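A, B and C are the chain letters, set down in written order, and residue numbers restart from 1 in every chain.
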Amino acid sequence: MLGSPLRNRVKTRDGDEADVDHVDDVGSGEFAVTLEHVTVRYGKVENAKQVAVRDVNLSFPRNQVTALLGPSGCGKTTILRTINRLHDHTTGKVSGSVRVGDLDVYARDTQPEIVRTRVGMVFQRPNLFPTLSIFDNVVAGLRINGVRKREFLREAAEAALRQAALWDSVKGRLGLPAIRLSGGQQQRLCIARALAIEPEVLLLDEPCSALDPQASARIEELIVELSSHVTIALVTHNLFQATRISHRTAVFLLDDQNSGTLVEDGPTVDIFSSPKDPRTQAYVTGTIG
Amino acid sequence: MTADRRGGAPERSEEDAAPGAGSPGHVGRLIRLGGRRSHGRIYATIRWGGVLVFAAIVVALVVSLVWQAAPAFRHSGLSFIFSGTWNPDTDQFGAGVFIVDTLITTGVGLLLAIPVGIATAAALSEFLPRRIGGPLSTCIDLIAAVPSIIVGLWGLLVLIPIFQRDVEPFLQKIPLLKHLFGGGDLGSGILLASVVLAIMMLPTMVALTRTALQGVSVADREAALALGGTRWQVVRRAVIPGARPGIEAAITLSMGRALGEAIAVSLVIGGGVTFPHSLLANGTTLGSAIVSFFDEATGVQRSAVIGLAVVLLVFTTVTNIGGQLLVRRRGGSRRQALPDQGVALTDAEVVPA
Amino acid sequence: MTTGTDVPTRDTADLLSPEAVARRRRIVRRASRSTLRRRRAVGNATRVICYVALVIALVPLVALVWYTIKRGVQGLSEAFFTQLPVPQGVPGGGVKEAIIGTLIIVGLAAVVAIPLGLAVSLFLIDRRGKLAASIRFVADVMSGVPSIAIGIFAYALIVVPSQHYSGISGSFALAVLMLPIIVRADEVAMRTVPEDLWDAALALGARPSRVARSVVVRNALPGLVTGNLLAVARAAGETAPLLFTALGSVLFTTNPFQPMDAMPLRIKLDGTQADPHLQTVAWATALVLLASILVLSIVARAFASYATRHAR
């Protein structure tokens, strides 16, 4: 788990140096997330067979949707989870460098909880807190992070629900148990919950895979709207979805050692119309995968 | 002690009941389709015979106990339950004291066993790595394997002196609780019986709670994790609420276990047929009453003692039915909007957009 | 940190403006950072409390086993295993009749309960529907019936009509105790056998009973053995069902129609006497009983995990 050799210090606007954790501003580079030589291994031995995904170099432009595209099992979700350090809780070992803005995610003195307040995640199936109301679900992230003031919670909840296109449906019934919502609404509530803590990056792991086409379409609309002020990384195996809503696409396939690898990435238009790598070509034309 | 203790065997089979695994009706279907009749018949006879014998036993259990206890019920009427007077010499048989003592010992036992049990289960399932948690969990299960007579005897010979010498004087010094702990100085008594019951309830409590905690899906945990929660916050906000049904079942089943414990309690509770004035007083529970009074009882008195067994049976059956219903309800009502895997969710609005 | 107004304007543009977003973001991050240490500390404290609870839970077990060994070892001798009890005050003597008695009473109970339980569980695995669900439910509730009530049931059913205390009435009580446990354990063990095994055997034209016998039971055998052994171990330690049935005795007999002694009964009788010698005998008996049960339980579980690791 090699972190960046540099310490987490940045120059603030006042010209002082400060630890990145203490900088309240969002980073301002062109890329919100940068991955360099990221490899994820499972198991104890440095065994080539157990490399889930190998040597990924990828950058996510700020306030755009980047799609991680590819067939199942090629490492897209694995890579996504390196960004918010979810592999800490599995047997996966991450090597390489992941930076969110100026924050080195895997540096020794970086707290994973802090990383996760900057990088939100929405999962494949809605995983609301089943015992909580709609309101309590939305503000759960705020409460977890120690924010208590009722007025603030209400404001953040409304902002998040509006961004998730859910405010008008639920505004009068915030006390309802969250599980009473339909599937598509639950997923949008999960998005709202993630947005409530104002992350700068939002990771979406196949958010529409459990939804019917109508619900999917609404989520896709949502994603496009959100991308104007949140950087979005979207894992999908649906090529059409990638063409519909992503600005950039990164194609993941299996290499000949059965590990996931990043084959090519670039503007979505280019990937689909004039891919550089023959494997990409094969994939987007449906020849493989 | 029962199948419950083995990490929740009953619950797991409910989940197995749906998919595959010699699935219900499967063989039956195939038998009807073309199994050879005569041998199928022997097989069917064995199975149906077993079921009938089993049902007969259950029915006979209830009937014979009620039958034997009937004279006492006729003799005492409702006062059997409500009267606190148990005096064979005057032919008065009221189970009131025993019922109260049973409820107190079980209640205090639960007060001790529930927090310790849940915390222990949390330690085993959430904090300790699996390699250590597994064997330790088995050790706790082994407490349930210790025969209750040995636990009772140990309580009699080891715990009573400790209580008499150290615990009770200590408790009597606590200013506010003096009335709760007044009077007794014998070591034996209701408090000790409660402690012994708590010890005996722990394995059930820990095993079932641990199963419930481990049953919370990774997805639910990740929900809290991805929002920036610390490990404990994940446990508090995602795991424990998710495990609540299982914990409720654990509590109820442990309670059923404690209500029915007779031998161990009879050795440490001291005996006595008056309502207790403090937790340190001696007393008698339904189970310990049966153990103590049965031998010398004749006639109506013996029938009354059997009546105590009937009352005990009612208590434990009601509790166990409740517990089993809780076990079966687990996870049922949680994700109403989500159908089974693979079926697309519609956006049909429960709450109109 | 408030916005300075008591009633914030809920204008959408206001709410979602970059300034509002940045403001909220700052508040959240500041709160997150400043509370992290406390949140972590709470988690660590809770972890410590849970470890303490674990120790508390283990102390009685350790203390009990240690005490049983300490006092029981003193009473072990060859005489202990080969002689009958002697009157109070007389040295020597043993508990031969209790050990044999336990073996006979538990053995008879197992001989009845194991096949019967298997039969009922064979019924249950094959059927869906209300009847099977009810039987399962009844079995689960039955496994919680107090053993003293079962003892009185056996008394009422057998001892009263026959006017005779007997070992076999004790066996009946233990069998009733074991039955629901065995039924559920057997069913669970057989359900773990994959469906394709059933299918394959039946497709080859085997009779259903044969399928059950050779395919399913054989594959589920480890689980069945474990479940049954644990039920037997449980029954061997029970005192209450034997109090009013087998009654206990100081005579050596292998006739189950006579009153019979058993280890739990002997422990109760001797352990509650004031005579220290008798108490030692009681603890020695307790040690033998406890050791047998623990060994049986551990072997049963070890067998189960060994067998599942080397399955098929």
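Keep in mind that, in the parts below, contacts are C-beta pairs under 8 Å (C-beta built on N, C-alpha and C of every residue); 3 or more make two chains touch, one makes a residue touch a chain.
All values derive from a computational prediction rather than experimental measurement.
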item	value
Per Cα centroids, the chain farthest from chain B	A
Pair of chains whose C-beta contact count is the highest in the structure	B-C
Chain centre separation (chain A, chain C; CA means) in Å	47
Between chain C and chain B, distance of the C-alpha-averaged centres to the nearest whole Å	12
Distance from chain B to chain A - Cα centre to Cα centre, in angstrom	46
Touching two or more other chains - residues of chain A	113-114, 117, 145, 197
Overlap residues in chain C, where contacts from two or more other chains coincide	32, 36, 39
Overlap residues in chain B, where contacts from two or more other chains coincide	228, 230, 233
Touching residues (chain side chain C, partner chain B) in the complex	32, 36, 39-40, 42-44, 46-47, 49-54, 56-58, 60-61, 63-65, 67-68, 116-120, 122-123, 125-129, 132, 135-150, 152-153, 156-157, 160, 176, 179-181, 183-185, 187-188, 190-195, 198, 202, 207-212, 216, 227, 230, 233-234, 236-240, 243-244, 264, 267-268, 271-272, 279, 282-283, 286, 289-290, 293-294, 297-298, 301
Residues of chain B touching chain A in the complex	219-220, 222-230, 233, 237-238, 241-242, 244, 334-338, 344-353
Chain B-touching residues of chain A, taken from the complex the two chains share	84, 86, 89, 113-114, 116-117, 120-121, 123, 125-131, 140-141, 144-145, 168-170, 173, 176, 179-186, 190, 193-194, 197, 210-215, 218
Sites on chain B touched by chain C in the complex	1-4, 6, 9-10, 12-13, 16-17, 20-28, 30-31, 35-36, 39-40, 42-43, 46-51, 53-55, 57-58, 60-61, 64-65, 67-68, 115-117, 119-120, 122-124, 126-127, 136, 138-140, 142-143, 145-151, 153-154, 156-158, 199, 202, 206, 228, 230-233, 253, 256-257, 259-263, 267, 287, 290-291, 294, 306, 309, 312-313, 316-317, 319-321, 323-324, 327
Chain A residues touching chain C - in the complex, by the definition given at the top	21-22, 24, 26, 111, 113-114, 117-118, 142, 145-147, 149, 151-152, 155-156, 158-159, 162-163, 197-198, 200, 229
